[in-house]
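The next block holds one structure in the form of structure tokens; read it before the comments.
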Amino acid sequence: MQPLSRRQMAWRAAQDLPEGAYVNLGIGLPTLCGDYIPPGREIVFHSENGVLGTGPAPKKGEEDSDLINAGKQLVTLVPGGSYFHHNDAFLMIRGGHIDIALLGAFEVSEKGDLANWITNDPTATPGVGGAMDLAAGAKEVRVLVEHITKEGEPRLKKVCTYPLTAPGCVKRIYTNFAVIDVTPDGLVVREMADGLDLAALQKLTEPRLTLANDWKKLTAPAM
Amino acid sequence: MQPLSRRQMAWRAAQDLPEGAYVNLGIGLPTLCGDYIPPGREIVFHSENGVLGTGPAPKKGEEDSDLINAGKQLVTLVPGGSYFHHNDAFLMIRGGHIDIALLGAFEVSEKGDLANWITNDPTATPGVGGAMDLAAGAKEVRVLVEHITKEGEPRLKKVCTYPLTAPGCVKRIYTNFAVIDVTPDGLVVREMADGLDLAALQKLTEPRLTLANDWKKLTAPAM
Amino acid sequence: MIDKRVPDLAAAVAGIKNGATVLCGGFGAVGEPIALTEALLDLGIRDLTIVANNAGTGEIGIARLINEGRVRKVICSYPRTTDPRAFEAAYKAGRIELELVPQGTLSERLRAAGAGIGGFYTPTAAGTRLAEGKETRVLDGKTYVLEKPLKGDVALIAAYKSDRWGNLVYRKSARSFNPVMAPAADMTVVQVKMIVDLGSLDPEAIVTPGIFVDRVVMVR
Amino acid sequence: MIDKRVPDLAAAVAGIKNGATVLCGGFGAVGEPIALTEALLDLGIRDLTIVANNAGTGEIGIARLINEGRVRKVICSYPRTTDPRAFEAAYKAGRIELELVPQGTLSERLRAAGAGIGGFYTPTAAGTRLAEGKETRVLDGKTYVLEKPLKGDVALIAAYKSDRWGNLVYRKSARSFNPVMAPAADMTVVQVKMIVDLGSLDPEAIVTPGIFVDRVVMVR
């Protein structure tokens, strides 16, 4: 089996971002997608701390400590970008102006329920940030997540075991093994990594999977 | 008897606007107050169409058709003034950031109910503008109104006969005959025009008036 | 390449349908998108609901739509603006419906539509005729009226400058309702005096980011 | 003459009391009013409720207040920011209370306080643990949670430039929560990098008009 690396997962999700889309990239893995937009495609990245049009990390010596993204990394602003306050940033999110929110996850259910803000560890400090606003407000929510935990547990669940971020919000899931759509008929596999068949993928997934007739091999360039 | 002229009424109300106050002047008579601020006193005028720091009418040849006040008259901007959109203009009003709204009125009740947006004429086109927001939202509402109608009817009422703009909002009333405060004990006369006594003023006023111990003569310069 | 510029007014208003709810920016005639509003006439559409602060001035813009019988209803705060003859004639003849909304409530309802807020409690109009039939509620000792979002099928906006992404700046008090309405409709169309190169508007001073804009047309 | 400038940090925070609810602007350490926050220490006050997006970074600002035992409660969206050791230690020891609010709801609750809105219905958190115990309501077919305004006794704001009227501009993403909090408190105090002459800020680009500001102190 040839699962994707984390950077390959980000690459794969980035390929599906359409020209002209307003996109919010969640903290962590999703943020990497910004590095893999196909050349010539214009996409506007929204950051919930009040930036539209975030660009790549600054060059050495050109860092500006007042310009960060939601993950508190130093970024740049592309031509055409703008600054605004938190209320307008979340007006954009809650008001359905963000075309795609690409988020990380702990678990996703077969109904598209998303759990990505807290585990069941009572000793952990909770934190929610903008996750619930993005999950409830973006026009479309896509998730980028490793298919199984380090312990081998599936992250795609019949019912989430962790507290929800929002019910029924996820439309597409990118994992290191597959690309899966959440549909009214359940989870539909659109792409599978080389060396996997549906039976093997099903063993690593809790809810029932259906294979799309036109399914493809999940591939990404070496990186 | 020496009632004040309309310009003198505006002058009198303007004298009470304190240094540093943020003030909204209603359309019509209240707008004239801007002309009578004592020299050296800095007051910031708010206009609900998105201007803070409106100044006097422009000089001939310096008019800018994009710069008007709420009454749709051409105005200027003073140094330190700013522009914003309607939502922020009404955030200022509704959120209690306007220190004083000085409004016109059809009627005011002894409880401080204000009626200034519509009469009982069923053939008139109704219009409310920002009147209800100002009446409900300003820190203090003061009214500038002629004491009686052209027909000699008192405008200060036990109960307003016209539909309300807001209940219980008026704190002080400037008329051409008197300056009157709305208090929990009813209407208290602070100033009366030359030649009036309480009995004469009471005849022109529906609710019971009390004369303040330290009442003064209502005077204004000739203009 | 993101390019929201369209070549002419016909392209700017293409696709707007009979019965549409049309948000029209401005305050009186200042900041009113007059060219866009009048371009609706050539579409031949009717039964429009117009949302604006006023109900048209003189014989241009909204007033012209009303005079030509295209407007079924106006939602506004103050129809009696400078020279309201078109609205007054239609209203007195019973040819047009009026929903009167306090100016701040109008603005906040538009914001709610743009911000994904399902409803809000405002103190404005509590205890008055304009709150009749609406839910009221005492919160923290004060009486509030429940108001609902007001969303447009289309917003017609007038701005000063734009770039090809649809970022907008305005001039002085011509800002008014325009930035409030831009996020509040399914499609937002803007008439501007000038289109500048991408990156030449100050990112600190952009008032309406392009995310809220679908089409931009230059009208001199 | 309106002059909101004060000479030093002590004058800027004078009068803030034990038990105050203090809104602190910024996002993480960017745009955080660190000098003002630390000036609270010299007042000797305690039992503070801090409202901020995060709960302090490293050992400065809010983190320092927490380390010195001045904070009873934090209302924030994300205490686990870069280097949250001060909050984490206090939280795990049970010395500090946490009210976790989704970031957009936090921002909207602050706006409601500044805008005189008594409550609002947001879709955020509907169907989740953070809506437990709150009123929910279906409006136009969608489930919303009723949220209430969040008002401060004082707001501590960091801005880039000011004038003597308290008009403010910010720099890049250091804007964040600062303009949202400025209208949301009984008293708003601002630390700025530069104070300029009245009239030299572009009136089209002022982000926080001085009406929301009570005191301005320059901190280099």
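Letters A, B, C and D mark the chains in the order given here, with residues in each chain numbered from 1 onward.
Throughout what follows, a contact is a pair of C-beta atoms (placed from the backbone, for glycine too) under 8 Å apart; a residue touches a chain by one contact, two chains touch by 3 or more.
Because the structure is a prediction, the values reported are computed rather than measured.
Visitor: Enumerate, in label order, the chains that touch chain C and chain D alike.
Guide: Neighbours common to chain C and chain D are A, B.
Visitor: Which chain pair is joined by more contacting C-beta pairs, B-C or B-D?
Guide: Of B-D and B-C, it is B-C that has more C-beta pairs in contact.
Visitor: Tell me, please, which chain's centre (mean of its C-alpha atoms) is farthest from the centre of chain A?
Guide: Centre of mass proxy via C-alpha means gives B as farthest from chain A.
Visitor: Averaged over CA atoms, how far is the centre of chain B from the centre of chain D? Could you give it in whole Å?
Guide: Spacing between the chain centres: roughly 35 Å.
Visitor: Using mean CA coordinates as chain centres, what's the chain A-chain B distance in Å?
Guide: 56
Visitor: Hey, how far is the Cα centre of chain A from the one of chain D, in Å?
Guide: 29
Visitor: I need the residues of chain B touching at least two other chains; which ones are they?
Guide: 77, 83-84, 90, 93-94, 137
Visitor: What are the residues of chain D that contact at least two other chains?
Guide: In chain D, the residues touching two or more other chains are 108, 111, 115-117, 122-123, 170-172, 204, 207.
Visitor: Quick one: label the inter-chain contact graph as line, ring, star, complete or other.
Guide: Here the contact pattern is something else, fitting no line, ring, star or complete shape.
Visitor: Identify every two-chain combination in which the chains touch.
Guide: A-C, A-D, B-C, B-D, C-D
Visitor: Note which residues of chain D are touching chain A in the complex, please.
Guide: That would be residues 27-28, 30-31, 53, 77-82, 84, 87-88, 91-92, 98, 100-105, 107-108, 110-111, 122-130, 170-180, 207 of chain D.
Visitor: Write out the stretch or stretches of chain B touching chain D in their complex.
Guide: On the chain B side, the touching residues are 19-20, 22, 42, 44, 46, 52-53, 77, 79-84, 88, 90-98, 137.
Visitor: Touching chain D in the complex: which residues of chain C?
Guide: Result: residues 108, 112, 115-123, 137, 139-140, 142, 144, 148, 169-172, 202, 204-205, 207 of chain C touch chain D.
Visitor: Any idea which chain B residues touch chain C in the complex?
Guide: For this pair, the touching residues of chain B are 47-51, 64-69, 72, 77, 83-87, 89-90, 93-94, 118, 123, 125-133, 136-137, 163-167.
Visitor: Taking the complex as given, what residues does chain D use to touch chain B?
Guide: So the residues of chain D touching chain B come out as 1-2, 111, 113-117, 163-165, 167, 183, 198-199, 201, 203-204, 206, 209-212.
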